[in-house]
Amino acid sequence: MVAFEHRLRVRFQHTDPAGIVFFANILVYCHEAFEEFMRAGGIPLESLIGKREQVLPIGHAEATFKRPFRAGQLVKVNVSVGRLGDRSFRLVYDLFGENDEHLATAATVHVSVDPATGRSTGIAPQLRALLEKHASPQ
Amino acid sequence: MVAFEHRLRVRFQHTDPAGIVFFANILVYCHEAFEEFMRAGGIPLESLIGKREQVLPIGHAEATFKRPFRAGQLVKVNVSVGRLGDRSFRLVYDLFGENDEHLATAATVHVSVDPATGRSTGIAPQLRALLEKHASPQ
Amino acid sequence: MVAFEHRLRVRFQHTDPAGIVFFANILVYCHEAFEEFMRAGGIPLESLIGKREQVLPIGHAEATFKRPFRAGQLVKVNVSVGRLGDRSFRLVYDLFGENDEHLATAATVHVSVDPATGRSTGIAPQLRALLEKHASPQ
Amino acid sequence: MVAFEHRLRVRFQHTDPAGIVFFANILVYCHEAFEEFMRAGGIPLESLIGKREQVLPIGHAEATFKRPFRAGQLVKVNVSVGRLGDRSFRLVYDLFGENDEHLATAATVHVSVDPATGRSTGIAPQLRALLEKHASPQ
């Protein structure tokens, strides 16, 4: 299993008057890492919208925030696949600061949906292969 | 127990190219309901930042999305208190659409922190009284 | 000429570490007022996307910020029509605080575009009637 | 004059149901480029908040959108200094797509403010030197 790694910088406007990143923005960072995970795997999200074969709405999300994220800080997001089912999968995110402090952990559960019917459908082979490559051996 | 109720409208820019609200924005809606809950209880969040007695960072958040939220839709958010500890509390959110369909459920865990020391501290009496008023009897 | 009026509250997460609203969010407030202007006039934006007759992308925007917008503050946005052309129109926004202080002024220029061709097209009659009703007599 | 260059990618959640970037997000991109301009010049914005010597609120912003920004697209933002006054300065942004198509042009006017008094103040020497280095010779 190789976790996918994405790096980003905390923007000024992501932080609130308490000087720390507003919690929902940390889930935005996770989604940004998910986008790059998909792009690096040859399946950019915008291609899914274009082809209309399969969309991947999020059915569940959760996050635990251990330390504050501050403006200007560099963040490393590791993405791995926590569970891979027939029609859904769970991505796990670990977010680290500059000295490798563990800032947060999060997860999103994505359902494979056929946009024509709005119903869940089997994960397409190309996506399944990508997810298997990053599945954690738990 | 009386759940606090907040109503809002899904904005055009909250929705993504798939025509549904981006998942992290639903947690923004929950926070908006939390802000109004605090304001209605006489403790607006901006007063906490001003007085610097106590801040309420979110240590954990989770959400389950049952149905898509669409642009222009009216949403009702019910807020109740799921757990009330010495130094932290859990808020539970239920989000409903126009025909009372259950769109999503979510929760945030807030820690009472002394901004001078950065350490957790007992929930202040006025806030505790407000939270007890909305605690669910579970 | 009757300006359309929309009221909103500055959210905690709209403000930055300096304690004031991030400038681009004030244009978001203007767009929110535009959405309500369209909805009140019987042409909600989401219906334009649905029908695919005409979309109204913004070709130009500008804003002058006179006073800071602070967390928790109530804001009144007045919308009027500054210029009404064949294929485009200019909306003017004036934003006021609780004591009627003038916080900001802004404008957006919308082009009527046929989504099938991507080209500009004449403003549809129902929208033109709505815009004429709110045109300033300049 | 050397324009400062910043590159970014259009995120899925920046786009709206029409499939193009919501206009206010393009000003967010400009601000992101401004943040990197300041960081590269040795004056990261978060240091200004920390030191409380000088803050740089935006008094005016404007943008003209020539072509749509689409999800997944790479964008290059060139930042230059359009006007450098005693207490304020104007930054000019040109945004380009992957084949160097000109997508948008924008500008922000920043006022140098003493956070202790809330009044405008002379631009500090280190910032003035940085701005002069990128001033366009108009």
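Note that the chains take the letters A, B, C and D in the order they are written out, and that residue 1 is the start of every chain.
Just so it is clear, a residue touches a chain if its C-beta (ideal position, glycine included) is under 8 Å from a C-beta of that chain, and two chains touch if they have at least 3 such contacts.
What you are looking at is a predicted structure, and each value in this text was computed from that prediction instead of being measured.
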item: Number of hops, subunit A to subunit C, where each hop joins two touching chains; value: 1
item: Same-residue or different-residue interface between subunit A and subunit D, half as cut-off; value: same
item: For subunit A paired with subunit D, centre-to-centre distance based on mean C-alpha positions, whole Å; value: 28
item: Euclidean distance of C-alpha centroids - subunit C vs subunit D, Å; value: 23
item: Centre distance in Å when subunit B and subunit D are each reduced to the mean of their C-alpha atoms; value: 33
item: Numbers and ranges of subunit B residues touching at least 2 other chains; value: 12-13, 17, 19, 22, 24, 28, 31, 46, 49, 71
item: Category of the chain touch graph - line, ring, star, complete, other; value: complete
item: For the subunit B and subunit C complex, residues of the former touching the latter; value: 11-13, 19, 28, 31-32, 35, 39, 44-46, 49, 70-72
item: Footprint of subunit A on subunit B - complex, ascending; value: 17-18, 20, 22-25, 27-28, 31, 46, 49, 55, 57-65, 68, 108, 115
item: Subunit B to subunit D touching residues, read off their complex; value: 12-13, 15-17, 19, 22, 24, 71
